[in-house]
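Once you scroll down, you'll see the structures, which are given as structure tokens.
Here come two complexes built around chain A, the first alongside chain B, the second alongside chain C.
Showing the complex of A and B:
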């Protein structure tokens, strides 16, 4: 049971959503946008948040789009992880989505919810960073677009009152060779020690990580090292592990040294498995 | 636009019947099913989306009813274990395979298995594993549950 009360809004249009957010925020209701609700409900039940209003985005048609129009794949922010995976339209994102929580929860968790949630792993961001997806945002100023690499810096950098309408992924990336590996300490359904997403574009590897540091990241420095054909695989991996943008996490899932160990093994696996596509 | 504030009267479509309930927008579906509709088949467990004992079918797909607001369910089809009527193939399979011990997790597993058999009547082994990983059984009847599900798939093929 959630002890606190809140207002529930289910707008039908983008404009209605932004307008009601502004109105409720102006009234001091501390509104939050609501996708699948997993985090908002669990955190509200635990009393760690107490929103005055939730704005459910699942009835807005633009947020429910999942289609390829030739040049790009469009995925609405309220599309569930299950739908993304089962569509098979972007297998790398499907693979990442298929390792978030469990299958039943994937029937509820939305793309926008995973990207904007407070749980630090935000695995769906990795394929979008690797393909530099275009993020379509909507807020009181209307629609704006931003590249994933500029708007996702440790977390989504949204303006107050903005929400993710959807993302557009260039079609040339959709079926590129890829790997997504999630390593956990014990159970398959668990928070990660390390998530690695990798994709081969034009014979070069791109890699992004979550669970390793306090935030998901894609590092051009690490990619430069991994693509250095003059060095041995083990040397590249050692150098990559020295280039993390922040200290490796040390928590109940694993110590930082163990995470680095797992990272190196995982990268070795990735480079080995993708070697035929990796010039 | 729907806007609910304070206590509201809403209609839920549960087990193919329209049911009227009075809820707060922050009430979760699990509590409304059990407390107002007397449908106690969905169990309270972790109430955190981890254990799966509260699983119901929402527009054909399994969801954990502790993580759904009752007001979100307006306009959608909810199926609880009571809606299976005791005659679903998966229920008979569970009995025949002895796929339970204490029974607390059973309704959740039944709903996942029922949804899987409807959505993927030719489910691959890895899909069966993925779907079943959403639920916990502390008596560890996993082997029997999987066997029961396989007999359902055999009858479908």
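Showing the complex of A and C:
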């Protein structure tokens, strides 16, 4: 159970949400935005957090959008992973969403929650980095737009009181050839040992990773190596593995050397399977 | 005899469980209850220097803060080595140190976090062999001075040995001298958890006149009475234990833990009702888990492939307290060879203290663990001899005329037919002994394992059954068996329905246990419900039949020998058309002339185990169980030779169940055992960091196999009746798990070429075997 009392707010508009956040923060209530609640519940139960207020974003229409509107697919921050998967509007994001937690939790966890949560893997970020989605944020200063690659550096870099209203993805990228391979220690429903997501755009491969280092990332250096058609696949993979932005993780899921081993095999599979789209 | 035995019958509690209506301990209304929470140790081994409760008492609603200093008694079902709350020293991370009792749960949680405990860390030891080395930290200063609750437990002075058992049969040296091939393998199996869906829970209250009521998720309600009485000097008759549905036990709810703590909590607040709630994380780290095991197995055989000798050393990791660990070591010793004929045998089985969470019974009661070691070594031996592993097992399968490790003469009744199981397993699993390539870097391979198990219960364990009638002639069956998902109460209903020849739907089963009402059943453990409670039900059925016949004879004016009870009616075989329906005679008969005839029928039956003994301390000779159950299992994997990942294709079991009482329910419980074995062997382990703290104490990181990843389960039965058992049935509820870890390891060893002697079998562990770390 959650042992402490907290205030629950359910604003109907973006502005109300930002306003009530500022008010509660000013009162020292340490408010948190609430999408699916899976982290708030589990971390409160464990005593890791004790928010004085939660602000439920699920009644704000902009946060619940899931539709393609001309040149962009718009997904609200409070849309659940399961809805994204079942909409089939962005198959790569659907694949990522379908491998985060189990079905029950996918029906709760929201896109914004996965991106902003404290659990380090944030696997929904990979497809958004690969397509350099536009992130629509809302805070006390009103609406702000930012590119995923600039605002997601190791984690979402939000201003105090800001929340994700939604993301816009360039419609040209939605059905591009892709690979999504999530390797776990042994149980399918688990955190990633290594998650490799790749997409082919304009004949070039883009790749992003979770589970490998302490944060999800897309690396232009690694992509340059992977796209170097003068080198063999195995030498490209070896070079890519040397270009990690941080040491490979070592934890209950696996040793760092084992993660590198899994990374290389997985990259090899990705390049093999995408070879028809990526000469 | 009717038609209820031998056909698939839906579980009696199926609707309640499928609709979510079934109530478990913490589902019951808790109006008026105080809430208790535990504070547990953050150290594997440390002195408690001081406990400051002042800040905790500052929380509004806190009624009591209880520590080890408030309690003098020790507890333990075999050896009284465990304080209810740690006193002076903590011996594992997770050990209960204090209880807070408060008006509500938030207050209890806050206050528990405010208790200040000052520790001084001590050196710790985490594996049994390390714990036996000279100079290893001692968990208990003088284990031999603890009070022993049973005769056959042998704690050793100035050591970490909680007990030890030895088996000496024939002459191992001679046997090895006659051996053409000798293989020796070493094993390490880490502890893991039961992870029943229902977290343990208990409630207690003490009335003004000293009557104690405990409500608990327990497999052992009658044991709760005895142990509580022992610890706190409450007369046994003053203690009432109630057990509603139990959401999975797997042995983990057989020990008494929270019941004691809830009682202590209530006793410190004037007997007010207290609800003790623990978290999943505490259920994993504080409450007892599955044993770990280290082993060294040496087997020798002649050039025809017949085993000639075995030298077996087992070091069972029982963690910080003995609990039932010594009897798991004894049970392991009793069956240590697996179901194979070994005339020259040397076995030492030690139960060793470490700074792990203490261990308790877990599905299979040590059999899955020693079977892993024996069956892996059998495969290595078969490989060296170049004999098909299944054929190698057929050559050595134990048979009537052989004797068990404890020198019990084996016959078809007490043993069953292992060779028939192996022969059936071959087509069922598609056994071909080969590793079959699928593509360039994928192979399919199978592994096989045999199993046998006998129960290890006190020689005088008892069970009982009572039967009453309802006005419509349907019956109520009342036993002390706990329903925790194995469907055993339905099987007992089948026995009664069959014996009385009434429809199974005419039998109503009392699902919950209340020790004021239900006759004692030792414990719902060891897969012995069918045998013990089944015999009690048979006797109760005979008792009520005799009463119906007496009344029937008087009502129909004939000899009771002529009375038939069949199809819900009582009649004379001389006049079958003149039937009296059960409802008209069950409460006595009212004759057409208005006179009252006979008495209401009330059935009762009791059963006590007979003819069992302890083991001779020098040779291990003795009989600890009425019979064995044998079986054979196989697992098929598809293995990626580059990535070392694998998929389990199928898992097969052929088991000699004596008689197939409820085919679909029995297949399902075997499937459940296989699923649990696959999950344990492929994913589950308690891993500890260098400070002796669990690194995976939550379900975020401790992974079970989820639904949807199940292989194709195949189950078939062999029927060799066990004399003296109802309908000839054999124990089988636990058994599906026993050979599965070994069969999986054998399949993966065949597929990979590595010799896999540890668990869990993760792709990372296979990668390490491939030399991954250094490459």
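Here, the second predicted complex is superposed on the first by the 279 of 279 C-alpha atoms of A that agree within 3 Å, B and C clash if a C-alpha of one lies under 4 Å from a C-alpha of the other, contacts with A are read in each partner's own complex, and residues count from 1 in each chain.
As a convention for this text, a contact is a pair of C-beta atoms (placed from the backbone, for glycine too) under 8 Å apart; a residue touches a chain by one contact, two chains touch by 3 or more.
In this text the structure is predicted, and so the values were computed from the model without any measurement.
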Next on the checklist: Is A:233 touching anything from chain B or chain C once the two structures are fitted on A? First, second, both or neither.
Outcome noted: neither
Next on the checklist: Looking at A:188, would you say it contacts chain B, chain C, both, or neither? Reply first, second, both or neither.
Outcome noted: both
Checklist entry - Is A:16 contacted by the first partner chain B, the second partner chain C, both or neither? => result first
Next on the checklist: Just checking: does A:56 make contact with chain B only, chain C only, both, or neither of them? Give me first, second, both or neither.
Outcome noted: first
Next on the checklist: Applying the document's definition of touching, compare chain B and chain C: which contacts more of chain A?
Outcome noted: B
Next on the checklist: So in the superposed three-chain picture, is A:47 touching just chain B, just chain C, both, or none of them (first/second/both/neither)?
Outcome noted: second
Next on the checklist: Quick check on the superposed pair: does A:254 touch chain B, chain C, both, or neither? Answer first, second, both or neither.
Outcome noted: second
Item to check | chain B versus chain C as contact partner of A:4, first or second or both or neither | outcome: both
Item to check | Touched partner set for A:262, first chain B, second chain C, both or neither | outcome: second
Checklist entry - On chain A, what residues does chain B touch that chain C touches as well? => result 1, 4-5, 42, 45, 102, 188-189
Checklist outcome for this item: The residues of chain B that touch chain A in their complex are 1-6, 24-28, 31, 47-49, 52, 55, 58, 61-64, 66-69, 71-72, 112, 130-131, 133-135
Checklist outcome for this item: Within the complex, chain C is touched by chain A residues 1, 3-5, 42, 45-47, 102, 183, 185-191, 252-255, 257-258, 261-262, 265
Item to check | List of chain C residues in touch with chain A within their complex | outcome: 105-106, 109-110, 113, 279, 281, 642-643, 645, 682-683, 687, 695-696, 698, 700-701, 703-706, 708-709, 760, 762-764, 767-768, 772-773
Item to check | Contact set on chain A toward chain B in their complex | outcome: 1-2, 4-12, 16, 20, 36-38, 41-42, 44-45, 54, 56, 58-59, 82, 98, 101-105, 107-108, 188-189
